[in-house]
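Scrolling down, you'll hit the structures one after another.
Shared chain: chain A. Partners: chain B in the first complex, chain C in the second.
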Partner chain A sequence: MKNIMNVALGIVTSIGGFLDVGAIATAALAGAAFGLQMLWVLALGTLCVIFLTEMAGRLACVSHHSLVDAVRERCGFRYFSFLLIGEVIVDMLVLAAELGGVAVALHLVTGIDYRWFVPIVAFVLWLLIWLGTFSMVQNGTSLLGLITLAFVLGMWWMGPPWHEAMKGLIPSAPSHDAARYWFTAVGIIGALFEPFMLNFYASGAIEEKWSLKDIPMNRVTAVVGMSFGATIAISIVILSAMTLGPKGIQIDSYEQAAMMMLQPFGAWGVPLFAAGLGTACFGASLQVALNLSYLFAQGFGWNWSENLKPHEDARFALVYTLAIPLGAVLVIVLGDPLQITTFSMALNALLAPVIVFPLLILMNDRHYVREYRNHVVGNVLVSAIVVIAFIIAAVAIPLEVLGG
Partner chain B sequence: MVVGCSPSPEKAAQEAKQAAGSWGATLSAAAEHWGGNEISSSYFQSVLTQARTSLTKEAKSARKSGGEIAAAPVDAVASHIDVIADAARRGDRVAAIQAAHAAAMAVPAEKTAPVARPE
Partner chain C sequence: MADPLPLVRDVLDKQVLDPDKCKIGKVDGILLQLRANRPPRVMAMEISQSSAWRRLHHRLGDAADWLRAKFEPGQGARAHILFEHFVRGGIDVHVDVPGKRTRALAWEDWLQQRVVARIPGGRRGGKK
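Right after this comes the complex of A and B.
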């Protein structure tokens, strides 16, 4: 019974990590602009993230190292510094996007300018991390994140066109607007394997003292949990494709995205969209803020644990105490949370090789994972997807930014 | 570099038309839902504010790259926003829907093929 509860909790936990502002925004954008044509990107990205999450968890179970800790040890401080700079830039943008997502959710139900909510959300976030333990932070917000099941219910109510959805799982070239198609594809993949999630997952495994006996649970969590998150993202693509695209509504703002819920839920549509967006983003912002602390603390060998009191790991607490207000300032200064989201998700795809390839090296190193090394399928599949996503990102980002 | 890579006048005109059509369709759908009491007045106001902000930005960018011709569709849709906002302030749902439909008809949106429901 305890094992079943552990697995269930792991699955619920993974929803928070998988579904965030990036997954919601990119799925909605893809559905409205390209119908069901981009489902294959979501399926491929999910497959890749299942492999990566399982690897990060297995590394923690066997070696009792978090990902960053092991990368610094295996690849040296110089490589770690490069990773640190890249991840801090991307994580700060993602944190800004997540804080913006919560603020926009509150704006959608109150009508008050989202910028007024940003400092309040940032303060609540900081307070929760300051006072909470890892389990409380993780499980509390993830359980709230179950509200995102409303997207699945909405899709179900609309009567999903399964035959067309199956056709969407076959890779296809864009029928129009190729630059936007590939930029959206990169955004979807970037939203799925956000580098912060891998280190957060491995750090969480160490916080919860996972060991060799937890390897099967780690596998179940990675497969079922990430597939569950993918189901919600796929539901958003289908809902958006059925309700917005045929009306000619493209998504330039969250106000437009929220309209996908009006047909299935009527007057409850906007509040449900806001609740789903807000809780998913709040859960993810907790993870990004904590990951920034993990990143510095593990890299520089400081005390770290969300289960310690702030005075016991003061530098760990200092990092999120500085990062959260800085993220809040970024949302207010940069404006347009949807644009911050799409851009930061594409940057995730650019950063992915910097963290994924060291992970692959570690997962094939007997010194770290003993006999629990990777199979060739995992190595090849993950490498191929990450390289392809990187190349597309390297081409699509300049085209989107400079070409308007 | 940015200037050198800015979109051609044709592309700017096409993007402006796309954005105008999308916002016209959004206004029309939002007004209908507001008329049917499915969305709150504050949310409807948010849609109007966002439409105004996005279209202003779009018109500026279109004008810069493609001149007045490129910006014309955006201006055509934007010109209806004040009428819709006035109707919303008065609580006149019929007038708001009519004005929003006019905005949608000013620049027809590029729609994706309808996704069929199973029989």
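Right after this comes the complex of A and C.
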């Protein structure tokens, strides 16, 4: 019974980890601009992220080392320093985007400028990490994140065109606005395998003291949890395509994205969208802030655990204590949380190979994973998708930036 | 002949754990002792950011050394653990000297006492 509970909790946690400001924003943008044509990107990305999550969890179960820990040890300080710099830049942008997402959700409900909420959200976030344990942080916010199932309900209410949705699962080139199409595709991929999520998942497995007997649970969690998360993201694409697309609404702000919920839920639509966005972003901002601490602590070999009082791992606590206010300043200074989100998601796709290829090396290293090494299918599939995403990102980001 | 120890594979960049499994740091550098008319001897493991950044570029190492000399609490030499305290290598390095007896935790101790302890909820140690 305890195992079943653990698996259920793991699945709920994965949904919470899967769905954040990036997944919601990129799915809504894709549906509004290109209908159901981009569902294949979501499906392909989900398949890849299932493999990656399972690998990160298996590494932790067998070696009791997290991904960053093992990358520093296996690939050396030179490689780790590139990863550190890249991940700090991307994670800070993602943290700013998530904080902005929560603030915008509060703005949608109250009508007050979102900037006023940013410092309050940042303080509550810091307080939760400072006082809370890993399970409280992880499971509490993930359970709250289940409100995002409202997107699935909304899609069912609208009666989705299943035939067209199935056609969307077949890869296709855009009929118009190619640069935007590929930039959005990169954003979707970036939102799916955010590098912070892989290390956070592996660190969580160590915090929860997973061992060899947890390998099957890790597999079920990765497959079912990520698939459930993808179902919600697909629902957002379909909902956006059915409600915003026909009206010619191109999403430029979260206010416009919220309109997708008006048709199925009427007056409750905007508060429901805000609740989904707010809880998903708050959960993800906890994960990113903690991951920044994990990144430094594991990379430099400091004591770390969210279950310890800050006195026991002072440097670990210092990193999130500095990162959270900095993220808040970033979102206020840079403005427009939606643009920060789409840009940081595309950067995620650029950074992905830097963390995925060492993971593949580790997952084939007998010193770390003993006989629990990767099969060739996982190696080839993950490498192919990540290389393709990197190439598209390298081409699409300059095109989108130059095109404004 | 005793088993050889691949220093780069099994020691450099590995996590250092003391007898209580406390994380002291990573092995950022390895020091050799040069001896007249005799082969060099592996002397110590360095646990210091400046040693790590120096491996990237000597100017980065110089900058880290300057920062350390200027700001590090206690301001002594770079933290290192003599190789005689080495117990075993692998994916972690185990040593028989407590972390508190090395200089590697100078910043951790300073932050504990001067910063964390002054924030509400940060004074006591242990589990949450």
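Throughout what follows, the second predicted complex is superposed on the first by the 404 of 404 C-alpha atoms of A that agree within 3 Å, B and C clash if a C-alpha of one lies under 4 Å from a C-alpha of the other, contacts with A are read in each partner's own complex, and residues count from 1 in each chain.
One rule holds in what follows: a residue touches a chain if its C-beta (ideal position, glycine included) is under 8 Å from a C-beta of that chain, and two chains touch if they have at least 3 such contacts.
Computed from a predicted structure; not experimentally measured.
Visitor: First (chain B), second (chain C), both or neither: which does A:Lys213 touch?
Guide: The answer is neither, since A:Lys213 touches no partner chain.
Visitor: Let me test your reading of the model: by the given contact rule, A:Phe77 touches which partner, first (chain B), second (chain C), both or neither?
Guide: Second partner only, chain C.
Visitor: If we overlay the two complexes on their shared chain A, which of chain B and chain C does A:Gly132 touch? Say first, second, both or neither.
Guide: Only chain C; A:Gly132 stays clear of chain B.
Visitor: Considering only touches as defined above, state whether A:Asp252 meets chain B (first), chain C (second), both or neither.
Guide: Touch status of A:Asp252: first partner only.
Visitor: Is A:Met158 in contact with chain B, with chain C, with both, or with neither (first, second, both, neither)?
Guide: A:Met158 contacts chain B only, not chain C.
Visitor: Need the overlap of the two footprints on chain A, from chain B and from chain C, as residue ranges.
Guide: After superposing on chain A, no chain A residue contacts both chain B and chain C.
Visitor: Using the touch definition up top, name the residues of chain A that touch chain C in the complex.
Guide: So the residues of chain A in touch with chain C come to 63, 65, 69-70, 72-73, 76-78, 80-81, 130-133, 299-304, 307-312, 314-315, 317-318, 367-368.
Visitor: In the complex, go through chain A and note every residue touching chain B.
Guide: The touching residues are 32-36, 107-111, 158-164, 238, 241-242, 245-250, 252-253, 255-256, 258-259, 262, 266-267, 269-270, 398, 402-404.
Visitor: Looking at the complex, which residues from chain C come into contact with chain A?
Guide: Going through chain C, the ones touching chain A are 12-16, 22-26, 28, 47, 49, 52-53, 55-56, 90-91, 107-108, 111-112, 115-117, 119, 121-128.
Visitor: Give every residue of chain B touching chain A within the complex, in rising order.
Guide: Those in contact with chain A are residues 1-2, 5-7, 11-12, 15, 18-19, 21-26, 29-30, 33, 37-40, 42-43, 45-47, 50, 54, 61, 65, 108-118.
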